[in-house]
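Okay, so chain A shows up in both of these, paired with chain B first and chain C after.
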Partner chain A sequence: MPEFTLTAKPFLGGYSRDFNGTTLTEATDVSITSIAQPLGGREALAKAVQSAWGCALPTPGKTVEADDGHRMFCTGPDSFLLTGPALADPAGDAAKALKGAGYVTDQSETWVTLRLSGPQARPALERICPVDLHPDALPAGAFARTVMEHLGAIVLAEGGDTFTLMSASSSANSFLHAIEVSLQNVG
Partner chain B sequence: MSQSNRIDGGLIDRSQTLSFTFNGKAMQGHPGDTLASALLANGQRLVGRSFKYHRPRGIFTAGSEEPNALVQLRKGAHQEPNTRATTVELFRGLEATSQNHRGSLNFDIMAANDLLAPWLSAGFYYKTFMWPKAFWEKVYEPFIRASAGLGALSKVEDPDTYDKGFLHCDLLVIGAGPAGLSAALAAGRSGARVILADEDFTPGGRLNAETLEVDGMAGSGWAAEAITELASMDNVRIMPRATVYGAYDHGIYGALERMTDHLANADGKPRQVLWRIYSKRALLTAGATERPIAFPMNDRPGVMLAGAVRAYANRFGVAPGKRVAVFTNNDDGWRTATDLAAKGVEITAVIDTRETDAQASIPRASIVMGGRVVDTAGRKGLTSITLANGQTIPTDCLAVSGGWSPNVHLTCHQRGRPGWREDIAAFVPSGDLPPGMSVAGAANGTLTLSAALNEGRAQANEAVKDLGFAASRKAPPKAEDEARETSAFWHVAEGKRRAWLDLQNDVTVKDVKQSHAEGFRSVEHLKRYTTLGMATDQGKTANIPALAIMAEQTGKTIPETGTTIFRPPYTPVPIGALAGRSRGKDFRPYRLTPSHKWAEENGATFVETGNWLRAQWFARPGEQGWRDSVDREVEMTRASVGICDVTTLGKIDIQGRDAAEFLNKIYANGFAKLPVGKVRYGLMLREDGICYDDGTTARLAENHFVMTTTTANAVLVFRRMEFARQCLWPNLDVHMISVTDGWAQYAVAGPNSRKLLAKIVDDFDISNDVFPFMGCAELTVCGGTPARLFRISFSGELAYEIAVPARYGRCDDPGADAGGRGIRRDPLWHRSAWRDADRKGPRGG
Partner chain C sequence: MIINHPLLGPRDAAEFVHLGDASLIDRPNWQAEDAAAQFLDYAYMRDNPAGELRELWYHEQGDRSWLVVTRNTLTHEISSVELARDVALARGRDR
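Coming up: the complex of A and B.
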């Protein structure tokens, strides 16, 4: 057996900062799994998802809340993201739950997840996010894929002044910098 | 200097005094002043020198159309040239200096150019600097460059910051004058999301400059109440100091908001924000610009537009002169005489080009109907005017009105052409508007107040109804329609001296005639040949009179002559604002591998590959250059073992019943028969047979593959495969998702690589028999961390690639080094190792 172990470190070291009442925090307690629907397997997947997480398949641009703190995003006609609590093997668990009704890939390490909350959240995002964040346009539970400062991103409206932002983990520092600068510019 | 020209009234806060300097001279103004109004209040008429002849020039307008009063603001690195004093909001400690002179503003040695005027006419450069040819680069161009231009750059990096942003609305109202306010109120009350943008710092437009009443109160008071009501609506965003400068596709508008320009200290906040506004509908209520009449020697400080003179008196409490004369071809010019007379300013004369009855009786003023100004006097400021009837009238301010031109600019940004309206002698928006745009108020040629208020409301209601909102039923604000009869009188033919059209570029009536005589008759040629309508003001006051003169010359009508094309931006946008925060290291984002921090601490030199920063080599003390480091790394790898972070290579997870068949089609070589647990090198070709990308693909399970691509092509390969999956072979069951960022992957190469890996794998046999060349496996390392191991090599020797989830792949903890204890090892420099490998086998990049 090897004489040492590896330790997981959050991409931004568990970043958390308060900008005059608006907080920006790295979410380190999430797992992300992609689920692809096999060709012609819509019904089987819907059934499997219903029994695994107690929710229906979401429609594009929408998310649904599911059992045990999970949330399912529809990212395309046949593709979904499942977010949930941090698990040792989220993709393995999902594969077991779906019993072959969907193709799963662990995406927990691919994305960095930030939570932005507070009165300056919208004004700050206005500086980098082309998506309309008005509650009428992006109600709670809706999300959009977009580009912020050249970086592909997902913005999820959690309701009120809270947003979950996801972007590629390799550019996590640049993504964080873009949001920090926005908060400083509007604060 | 005291504020000798300050009079009662105005929208300025006299309880506070702001000190500022102009050319080092201490002056005072009040909050609510522009730099221009404060300069006039302090009796400073001479504010700059003209572009070509270096003639003394004063303030001509009271808005963004200003051609003359260009000044430099602030000092040192913050210095900003070519700002229009008429739009600069006064703040305490503002430092302004005049520009475009050698020597002082009062004694400019370049003014000698004025004596050479007969030789400096239109096309002067093209005719003069032709010979000898060799002189162009060495003599003429440096000379012209030194003499030309207005302000000077600081030549140091701009220390201010800028930002950008995105806004969304149902209705964008462009301009907060009477029509815009009326429109915003109507749309706001309907519940639609409204953005009201105005270039001024005090919304209200001409309501602030006139004495007209709305709903029985002063127009400026009504405007302030309207803003208060709008500010109370959650669905309305009011953006003062924001110029909508361009109309782009799909209802997108560009706007520049000046955030801290009016503050002495920006406090680290961005100076300006460049907004991209996504609108469902837009209403242009940008008002109109007054135009001058060309008459001999009409460029002296003290000659101003009549509406501007009125704005200074009514809005800023400043009399631009002690004895004011008015020269007009329309009813509106008379308002200047009546308004100023009512404030106790002496009106010496009203000269109307029309042979009609006087519009008003002005005490002690001589009224000259059918009159013309044929000459003026006063080198550094107007002292008198001479009329065609021979009469000379002492005056220090001549208010000129040649009628009003609707600000049609944004209606033409998508190639629309304005149409001509004879009754107001002006171009108005034609039906050919950018999609989703409508126009109301003076911008639409609706020049009178009541009509503008009604039209703004009606157009807004139509727009919101179109979007499904119920229009507000509240009655429109009440006002009168003022007299606005105008005549098409463009220039005074009498008199031999120069009559200026474009004050900013020193283009005279004679230049336009000369351009015509020399064959440059199209308006676009006229513009280039004479420089008419160029530079910071883009001819906002000059173009229409010049077109009228060209039309006279060609014998065509003005609409036949046409306008030059209107292009964004409406007013100047600093390059800094266009760049936003994309400066220096923030020009683009960086992708970092999990070992980045470790590499930094260990002396890595990085190379940019796409957005990635990749370690190139690791210098050690005593090494003289990159070659020393590289040679050491190569030698180490050949002799023992080297490790290289290959995380940057694209990784695509591919699953599906038809994944193998799909890969078989994607790659030029066969993949259908690749056994589970094996890796194969693959080559992708373009349709024309040229190599597109290459890499290895591992079969982890019957229906599960993981592909690697080159670093720079990862996104392109993914995109191409998505295209193939969705469009070429939609009947195949195959799905893919990027896992590039998900795995920290290291190449381990060299004769000791197996020995090194044996120290970290958990109960996994990596002997050659069990895990041969081109094998792959999912396993655990370091006591349970999931990993993937590939026996692939870019050096043809014993080598592996090992991947762990990215969060485990960080080498910045001491444990990471422990694995190699007792084995000679070094980080491996990609390029040298792979160049070496080129001779023996495939390589990737």
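Coming up: the complex of A and C.
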């Protein structure tokens, strides 16, 4: 019987490119876990999140920075995303930390994460993203779940000219292409 | 068209999917005596007003919430946007 060794590879092969001083890089060191609030379980989840990661539940459209490099997004009235450092079993860890106060699912393999930073970041995104990216409308730590080039995406403002972009890993190359073309068009 | 989402603020209509008349929230009781007649009405009979209409919109490319949007079908002017959950709760639904 032939022996196989499977090797995990980033969706975009660890892509990194400089566009005249604006950099676009695939982030390969993140784990993503979704947390859904059980019906009527708001208070219990808030308490569990506070003791697990030392932060309050974020409000819609906002994120909060939590302990150990985690960040929590409020993606809907009763749903949250937790991003953090790459872990072997992020959902298992989250489930243990929450002690049943939230329903958790490992989403690390379903999202591709890109970091876009530099003076052309905002002009390039403005062309493909219908959300207002002005720092007054989307301050550091705020995010929007929206659509870019027909692909669902999350855009997180990191402050200044830096954005974290997330989209479905199954269409990672199309998403990358959309950002690349827009960067070339403004470049 | 811009829809002013009650939680997220103004969002482009391209992020939303339109379902139709918000009366779909009032699903009839299937155990009622005249359930068949009620469901005929519920499923097929729609008002088609030239003016204000309460509609269900789904924020599919966003936070996946259902909204009740009051829109004027002649001018596309949107006069009110509510979370469908709040509307349903106000009408006595349990969730």
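Just so we're on the same page, the second predicted complex is superposed on the first by the 183 of 187 C-alpha atoms of A that agree within 3 Å, B and C clash if a C-alpha of one lies under 4 Å from a C-alpha of the other, contacts with A are read in each partner's own complex, and residues count from 1 in each chain.
The definition used in the following text is that contacts are C-beta pairs under 8 Å (C-beta built on N, C-alpha and C of every residue); 3 or more make two chains touch, one makes a residue touch a chain.
All of these numbers come straight from a predicted model, not from anything done at the bench.
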(message) With both structures fitted on chain A, tell me whether chain B or chain C touches more of chain A's residues.
(response) B
(request) Figure out whether A:N20 sits in contact with chain B (first) or chain C (second), or with both, or with neither. (result) neither
(request) For A:N185, decide between first (touching chain B), second (touching chain C), both and neither. (result) first
(message) By the touch definition at the top of the document, which applies to A:Q50: first (chain B), second (chain C), both, or neither?
(response) neither
(message) With both complexes overlaid on chain A, does A:E149 touch chain B (first), chain C (second), both or neither?
(response) first
(message) Between chain B and chain C, whom does A:L39 touch in the aligned arrangement: first, second, both, or neither?
(response) both
(message) I'd like to know which partner A:P60 touches here: chain B for first, chain C for second, both or neither.
(response) second
(message) Touch test for A:P130: chain B only (first), chain C only (second), both, or neither?
(response) both
(request) Touching chain B in one complex and chain C in the other: list those residues of chain A. (result) 39, 79, 130-132, 137
(message) Can you tell me which positions in chain B touch chain A when the two form their complex?
(response) 161, 163-168, 193, 268-270, 273, 276, 278, 581, 586, 588-593, 611-612, 647, 653, 655-658, 703, 731-733, 735, 737-743, 759-763, 781-786, 804-808, 810, 812-813, 815-816, 818-819
(message) Which stretch or stretches of chain C touch chain A in the complex?
(response) 7-12, 14-15, 61-65, 83, 85, 95
(request) Would you pull the chain A residues touching chain C in the complex into a rising list? (result) 39, 60-61, 75-77, 79, 130-132, 137, 144-147, 152
(request) Mind listing the chain A positions that touch chain B in their complex? (result) 1-11, 34, 36, 38-40, 78-79, 89, 103, 105-111, 126-132, 134, 136-137, 149-151, 168-171, 173-175, 177-178, 181-182, 184-185
